[in-house]
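I'd like to ask you about the structure that follows.
Order of writing sets the labels: A, B and C. Residues in every chain begin at 1.
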Amino acid sequence: MDKRFLAVLGLFALLASAPVAAQQAAAGASPGARQASQNRMVFQVNEDDSRKWHTVLANLNNVQEELGKVEISVVVIGPGLGMLKADALTANGVQDAMAAGVRFVACGNSMQSMKLTKDDMIDGITYARAGYVEIMRLQKLGYAYIRP
Amino acid sequence: MDKRFLAVLGLFALLASAPVAAQQAAAGASPGARQASQNRMVFQVNEDDSRKWHTVLANLNNVQEELGKVEISVVVIGPGLGMLKADALTANGVQDAMAAGVRFVACGNSMQSMKLTKDDMIDGITYARAGYVEIMRLQKLGYAYIRP
Amino acid sequence: MDKRFLAVLGLFALLASAPVAAQQAAAGASPGARQASQNRMVFQVNEDDSRKWHTVLANLNNVQEELGKVEISVVVIGPGLGMLKADALTANGVQDAMAAGVRFVACGNSMQSMKLTKDDMIDGITYARAGYVEIMRLQKLGYAYIRP
């Protein structure tokens, strides 16, 4: 009888802990939990304005210096794409930022309407079909949205 | 004895599963969970700039083409309201977007200060008292914020 | 035997309820849950444009009038800092908004590059090292992002 009693208790303890574990696993996978534990930012750049581009590069540097660990994506749309062209004055700054872990994403729809191909762009950048869809995707992953 | 033992086990299994169900129900109702499962975007337009209005209409089209299923609200504030006037060059584009499921929201405070009434506006758009409160409300529902 | 049986049931009921309580506590502490229950907005101002500053002050007023209870932070970056200078035409408006509970945050990096010190600024504002890091921090706390 005692054995059976202990068996019930043991099995009970085992099962009772399962929901907690399941819940913690679920919480760990939720955007909210990721938001709370990680530093993630998505910057959006739309302007054909080299002063703004240099300011954004300085911003990225400041943010990385303050936080140390931070995941940053810069999504570049429309006339902003000039920032990511291979012959842009910002090319060195963009490459430095990529070396420091920043991810740059060019909007494919904008490239098409501006008649730009990947050959025109800085090596190592990423491409999305629609920049705004990429920004939505990142916000769903807990990235804070920043529009400089 | 065996019956009682089985009854304890059965009751235990029943109750042990309840927290998981409750948790899943709660997760299903949370903004984070909605974010993960649905595509929702809120665009904000403030500018008196017909080129920007047409670009935004093209953006909406691109996003819908890529995602298929997506809930989009466009909240229009201040001088941006020109985009939603019945006599605007964008009126046809706005009506096409509404037919494709996009929701347009005019800021009531802006309308008042610009002396606009509903009679001046495109039929079928929605009205909010303060556009920024509407944008907050949508972000709380998991809408990704986009500022073109 | 009956006592033991009841003890098992009682202990079981106690333990089975623990995961639910733990889960509710966790949900209460998550950004998603805070988002759902509280009105929180972070406004970002970057422009050296006194008309925009006055518009933003009017926006804050409208939002507070509509919602009653709302936590608002205004993060001011780069040339926008003119809005928070002690000698700005917006100084009275900013002080009124602070009296009504709005929190204004100046970007420390911007202050440095614009050679501004706290003595130049309106009394009672808050300072952050990088304005964009402050904005990320607030979004992680469930603040809706607004870029007027």
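The criterion applied here is as follows: a residue touches a chain if its C-beta (ideal position, glycine included) is under 8 Å from a C-beta of that chain, and two chains touch if they have at least 3 such contacts.
A quick note: this is a predicted structure, and the numbers were derived from the prediction, not measured.
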Cα superposition of chain A on its sequence copy chain B - rotation in ° rounded to nearest 5: 120
Chain C against chain B, contact positions shared by both copies (same if over half, else different): different
Centre-to-centre distance between chain C and chain B (centres being mean Cα positions), rounded to whole Å: 22
In chain A, residues with contacts to at least two other chains: 1, 8, 12, 16, 19, 23, 30-33, 145, 147
Chain C-touching residues of chain B, taken from the complex the two chains share: 1, 4, 8, 11-12, 15-16, 18-19, 22-23, 26, 30-33, 44, 46, 77-78, 109, 129-130, 132-133, 135-136, 139-140, 145, 147
Chain B partner contacts - residues on chain C that touch it in the complex: 1, 5, 8-9, 12-13, 16-17, 19-20, 23, 27, 30-33, 35-36, 39-41, 55, 59, 62-63, 66-67, 142, 144-148
